[in-house]
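The same subunit A turns up in both complexes below, where it pairs with subunit B and then with subunit C.
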Partner chain A sequence: MIEKVIERVKELLEGGEIKGFVGLCNKNGHTAPYLFTEVAELDHLVVGDFQNPGDARYPLNKLLIDLYRAYPEEKFGVLVRGCDERGLNDLYVWNQLTPKNVVAVGIPCPQELADACGCPKPYPDNSVAEPIAEGAEAQDLIRMEALGVKERFTQWMEVFSKCIKCYGCRDICPMCFCKECSLELDELIPRGEMPPEIPIFHLVRAVHMAGRCIDCGLCNEACPVDIPLRTLYKKVGDIVYRKFNYRPGFDKGKSPLNVLENK
Partner chain B sequence: MEFKTVLTVCPYCGCGCNFYLEVLDGKVIGTIPCKTSPVNEGKLCIKGWNVHEFIQDPDRLTMPLIRENGSFREAGWDEALDLVASKLKKIKEQHGPDSIGLFASAKITNEENYVIQKFARAVIGTNNVDHCARL
Partner chain C sequence: MGDCHYLYGNVATEKRIKFMKQLLEFVGIEGERLRRKWVSSAEAPEFVEEITDFVNTLKALGPSPLKREQKPDQPSAKVAVA
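Let's look at the complex of A and B:
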């Protein structure tokens, strides 16, 4: 698979189609997010399978947004899995990236990873290889929903109470692109005072993720106390799908939650 | 255009979490925890997550400041260290060595911490040595 990715990126770089490729690189024995601009560097390209499939994934779309904001005229390639491609689609919907500036180079995820993620579509449309896994059901959500309301509330409050307020879930999220975050507004959260009580932050963020979360699971992986945020956002996504028939990353056009007119 | 991710160790506590600093055209624009680091496994605390904000902040102190008549003036290291040394000496003479205490750091080497306690005990003459977390 890596060979096919390298081959495709080489083609794009040599042909001058892209300025650089946002991917992952084996550096100092670690997997690092990296901008490839020379073909010679591609020997070090990896796809984020360090010890297990997909255990070294990074929010590459977030880096892509940074590059796009600095160089809006340039075109970049980006390494995507199924979830990342959903992210790109939704970032196009929210006008944070434009398709003409992005070339997605996709890889399919193995069944093991798809099952662990409960991923509905573990393969991108723009892929260097055929799908190798089928969509999986979100077992975590099914388990949680089988509980009674009281039990569910107790369980959520218990996990929220472990929060150390690192806000890493927000920082790593490739869909958190707002230039002004309500967490940093002095009017809402005065500087120097205690951060919001549990579970206010978690629930406000869950609402902000409605119609936005593309279910990549990076928040889950970044949480130092293992709060199952992904399960929460899957539920929020489910509600939006039922009410508005809109799934971020699957449906193109305009988000039903966007009240602004397109330019 | 130059975009780099630089693997480094968090400058705050002694845990030694690894992260990448994202550097675009010489400006540090972001922090991202290293997933393959066995220390922090892709996680950080709120301080680590925001390291990129202070590195090139215009308010960051880049040289010693000496307070004179209620305001600060920039000074060289030699002048600043001479002042600290003379004041410490004066305090020791006037109030005794136990009027001085030293805080060591979680972020320096064992050897540097050794030197701090040696300085406290052998040079100043006090056992008032503690670690930075007591601050």
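Let's look at the complex of A and C:
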């Protein structure tokens, strides 16, 4: 699959269609996000998986937003998985990127990763290869919903209380593009107070994910104290889908929670 | 609906409350603790009736589970849940 990605990126760079390609680079044994601008550099391009699925996933779309803000006229390529492509679609809806400035080079995820993620669509439409996995059910959500209200409360409060307020979930989130963040408003989240007030800190973020979260799960991976944030935001997505029939990244059009018409 | 002093205020509220009730349930806080009712400033009796009913509901539910999470030195939990 990697050859196909390199081939496609080479084509795009040589043809001058894109100014650079936001992908993953492996150098000195480390994988990190990288902006490829020369064909010669592509020897170091990787797609992230070595032994296990999802060894290295990064919010590449987030870097793309920064590039777009700095170079609004230029066109860049980006490596996407199914979730990243949902992210691109949603970022277009939110006017953080425009399709004419982006060329997505997609890769499908293996079943093992799709299952671990409970991913609804582990492959992008715009892909260098055919899908190799099917959408999986969100087992974590099903488990949590099976519990009683009191038990859920105890479990959530227990995990929320571990929060060290590192803002890792927000900082890694490809859909967190606001210039001002409610989680830094003193009136809501007093500065210097540790741990943050629970559950309000996490619920503020959860509410802001409504109609926006594309379920990539990077927050979950970034959390140093293993708060199952993905489960929480999966529920958020589930409510928005059931109540308003809207799925960010799948459906065109704005989030029903942001549309001020009577629909 | 749509007849709001704040233009679309009630439309936005209706959506948010629908959403929030379910989210609260999911994190273990009874959805009945959040209630939305449209009452105009000229409808004092309706307001009183609604609040009385809400208070009765809350009394039946018992203290909020969040109360037990509160530290003793904090006078009140700053949450928008009754």
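The working rule: the second predicted complex is superposed on the first by the 244 of 263 C-alpha atoms of A that agree within 3 Å, B and C clash if a C-alpha of one lies under 4 Å from a C-alpha of the other, contacts with A are read in each partner's own complex, and residues count from 1 in each chain.
The rule is simple: contacts are C-beta pairs under 8 Å (C-beta built on N, C-alpha and C of every residue); 3 or more make two chains touch, one makes a residue touch a chain.
None of the values given here were measured: they were computed from a predicted structure.
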{"item": "Partner chain in contact with A:63 - subunit B first, subunit C second, else both or neither", "value": "first"}
{"item": "First (subunit B), second (subunit C), both or neither touched by A:71", "value": "first"}
{"item": "Subunit B versus subunit C as contact partner of A:222, first or second or both or neither", "value": "first"}
{"item": "Touched partner set for A:197, first subunit B, second subunit C, both or neither", "value": "second"}
{"item": "Touching partner for A:171 - first (subunit B), second (subunit C), both, neither", "value": "first"}
{"item": "Partner chain(s) touched by A:151 [first = subunit B, second = subunit C, both, neither]", "value": "second"}
{"item": "Subunit B versus subunit C as contact partner of A:55, first or second or both or neither", "value": "first"}
{"item": "Set of subunit A residues, in rising order, touched by both subunit B and subunit C", "value": "none"}
{"item": "Contact set on subunit B toward subunit A in their complex", "value": "1, 3-5, 7, 18, 20, 22, 24-25, 29-37, 42-46, 48-49"}
{"item": "Contacting residues of subunit C [partner subunit A, same complex]", "value": "1-2, 7-8, 11-12, 15-16, 18-20, 22-23, 25-30, 65-66, 69, 77-79"}
{"item": "Subunit B partner contacts - residues on subunit A that touch it in the complex", "value": "19-20, 27-35, 37, 50, 55-59, 62-63, 66-67, 70-71, 74, 164-168, 171-172, 221-224"}
{"item": "Residues of subunit A defined as touching subunit C within the complex", "value": "144-145, 149-157, 197-200, 203, 206-207, 210, 232, 235-236, 239-240, 243-244, 256-257, 260-262"}
